[in-house]
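Each of the next two complexes has chain A plus one more chain, namely chain B in the first and chain C in the second.
Let's turn to the complex of A and B:
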């Protein structure tokens, strides 16, 4: 095995191990698990129970039920909170010195970030499966079938990785869990100023314009499309581009923040 | 080849120089005690030597590799147990050591075997599958030490490994460090405990305010500041006569009170029978007699003008630096 192949293989093993640790950490710490599953599930139940007749509003897209419409929003909420939780967990690692243990090993230090992101992506996958299961259990139909479900799963997983990258960057830059935790309300602002919980067409200004340019809207529309109607190439492409841009932004910001952290110690 | 070579190492945090021109050399197979109070620059030095912090100036090589330009080779050669055992309370002891094995590229099966061996070695086999958060402070330090050993490092850095531990746990760690050294591992140990440096280290570097103020074996450092002295407390008899007799055996030192005689003796304990015999023959009754040897604290005081205080280890020099 060449040196380069050996190094790649080692770093992949490390990413896998750190990703597994991240997943175990979330399942073992209820306060990290709650935002990913409990809060979005409760909100989904409250919204579908209380605002179900919104589907009859003029301009609301044709859907089987409000639950069918809301599933994508719940997934989006869960993945954003998973990304934030990943950032919090990374900041806790920095605060307690655990990242020093990782940085003192003969590996590429960026694998420490990638390991955390792998775990966050896996939690995104879990939340996609969770909400698909809930939707199907309560009678929501996935209009484009298995292909649509797979598209939703892939988009949610990749989006969790993207948001996790931004969370990791903030954690590395600040090294303080409370700062990352402070982003929690901002996540809801970003969600409500997108098409996550309500169709853009029915929003009023300036929220409507903000939602039109909010990358979260592109992503959530890409997830929702195959569920409520069919697979539309343009929506899917927009979602993929938005996710790609966010992943690039998250990785770039994380790399910069990592360099800063290693410089200042 | 020395295991660690440091020349003019410097590091500042904002305007505060935490480490200023440290030079030291640690031979292969040696235990080097880096002794100093909180805020002296110990942890900053260790962080630079373990590649966790870039030096601001000077150079350092560990296991023959430059800490800046060959950082990954340095990290492959060293084991690190940093201050206050940085452990994830949600992991089990076994998970932590297996993760550490993966970080060092040890194959899964081998990592599993080494984890079991090391947990056995540090007497944590029974607690191996319990979460670290349930461990006592001593158990956490032993686990941290075991994790640092998983890849059999040439050089082991221990940053205040016993700070905050009870005497029994402290002794266990000392025994383990001594055993590792006997197996050939070079140990760089920072401590604020005089006894720890005295009992474990082959060589001691005393650091204060970012500068090494004294270096040598504990014995040579203590010898440099004077011989041991006998401290006598008289019960009966003339103090003047006692001083006269003791003055014939060694050099008299200024006494602390009117019934005490202090006499510096060149041969230490070997001179005590002479002192006792002389006083007994003169009919002078002694209430207490003690041989007082110079300590590393005396060395510290002689070199810095103040005592080595033992404060909260959590503060360290970064607080001094405001970082």
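Let's turn to the complex of A and C:
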């Protein structure tokens, strides 16, 4: 019993240390930080000013402002880019041989992945707080109050973990930073084909139909709902299920990729 | 021996040509490196069109086709990325010591800068043509020969402006870490215009910024053939704005290049 507790405690310490390293690495490297904060903030500012008149379109959901509507999309964008940045950093670690040194250490190998995911989740938390602060500073109201804000924070953090798992799996499988970096445009494809930036009902075909089935739409609608109206159980459940499915997919793919990495070296 | 006998202007042209050839070789030998530069503006074009296409239903929107409205913006975005790529490549060359060899050559600094700028302008034609092809296939209005020439002229000019900006940053920071600043800078200046909607429909800070942002004139000039006809007053405004930006950023990049010691 005490051995199991000791092993768990050791693994948690490893996850904590690697998670902190991952966060520090991101904050120190502008090329990793810029996609998480700079690009989503810039696009939020520009899309709010550029497409803000859209709230006058027939069929647009009742919102206080376009900024209020867009906050969830900006968070989604930031967390997906955080997942990608985490994958890039992990691939750089593999290229530089740092991961090999970790694999040689007397620790559970999966803690190496979990440490990276913990760091990515923390960056997701940071991006949720960042965009909530920006929204509140520029007059956006969170209609469901503190509870709505907390729901958004939890969903964004969990989603970052989910996307980070997929990024880590690709990094472990390929071991090449440039391949993970090449996914950057794909993230925007997934975002544009979801309800991240506009109500799905008002999008143009075929984006409209694809967005209706895109899991990112379920997640972003779950984050947005409490911000623009109230807490709807069905939206929240759909978001939780989508995030849960992505986390399961990310962890399964990471575990498989880790086995592959250990086999090929 | 033979090169020494060349008049200065011909030697300078030959140096610019050599730098352009080197950039072309990079593109031909590593075609994969050009894919992100083509893919990003194309994805933005398709994405903006799918997401914000309904904006044309707003009263005051100047066209019924959002494809036609945003195609020029995406072409200019491609030009911005091509210019930024020049800065990233220069920073990479500095990290690897290749720029030192250029700096000790007898070529004047402005010739080295011109080589980078001309390469970027030529490279920008690739994403612009890809975006144009996709847009026309999706039903964007044919801009006419005059509209097309103006649009491509603005693309070439925007790439030159972005290359000067990125070169200045590359010489200042001497590291590829400055890449996000180069890319985000060009993206911001192009999007903080009438990129998403006509000026009258822009809101808040963006309306004020777009009104005074000279790139708005460049965007409007590039767009005019796609949403109506070519208006020479609007073309002239675009040419003047692009020339002014090129003169200012070119001077700053050249100053940075002169400060850089081999």
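In the analysis below, the second predicted complex is superposed on the first by the 264 of 265 C-alpha atoms of A that agree within 3 Å, B and C clash if a C-alpha of one lies under 4 Å from a C-alpha of the other, contacts with A are read in each partner's own complex, and residues count from 1 in each chain.
Heads up, the rule we're going with is that a contact is a pair of C-beta atoms (placed from the backbone, for glycine too) under 8 Å apart; a residue touches a chain by one contact, two chains touch by 3 or more.
Quick caveat, the model's predicted, so the values are computed rather than measured.
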item	value
Partners on chain A (chain B, chain C) - clash or fit	fit
Chain A residues touched - chain C or chain B, whichever exceeds	C
Which of chain B and chain C A:14 touches, first, second, both or neither	first
Partner chain in contact with A:29 - chain B first, chain C second, else both or neither	both
Partner chain in contact with A:263 - chain B first, chain C second, else both or neither	first
Chain B versus chain C as contact partner of A:50, first or second or both or neither	second
Minimum distance between Cα atoms of chain B and chain C in the superposition (Å)	13
Footprint overlap on chain A, where chain B in one structure and chain C in the other make contact	29
Residues of chain B touching chain A in the complex	44, 47, 50-54, 72-73, 75-76, 78, 80, 82-84, 86-88, 90-91, 95, 99-100, 102-105, 131, 147, 323
Residue ranges of chain C touching chain A (in the complex, touch as defined)	36, 39-40, 43-44, 46-55, 57-58, 66, 176-181, 184, 187-188, 191-192, 195-197, 201-207, 209
Footprint of chain C on chain A - complex, ascending	29-31, 34-35, 38-39, 42-43, 45-54, 56-58, 66, 182, 184-185, 188-189, 191-193, 197-198, 202-204, 206-208
Residues of chain A that touch chain B when the two form their complex	6, 10, 13-14, 17-18, 21, 24-25, 28-29, 93, 96-98, 100-107, 262-265
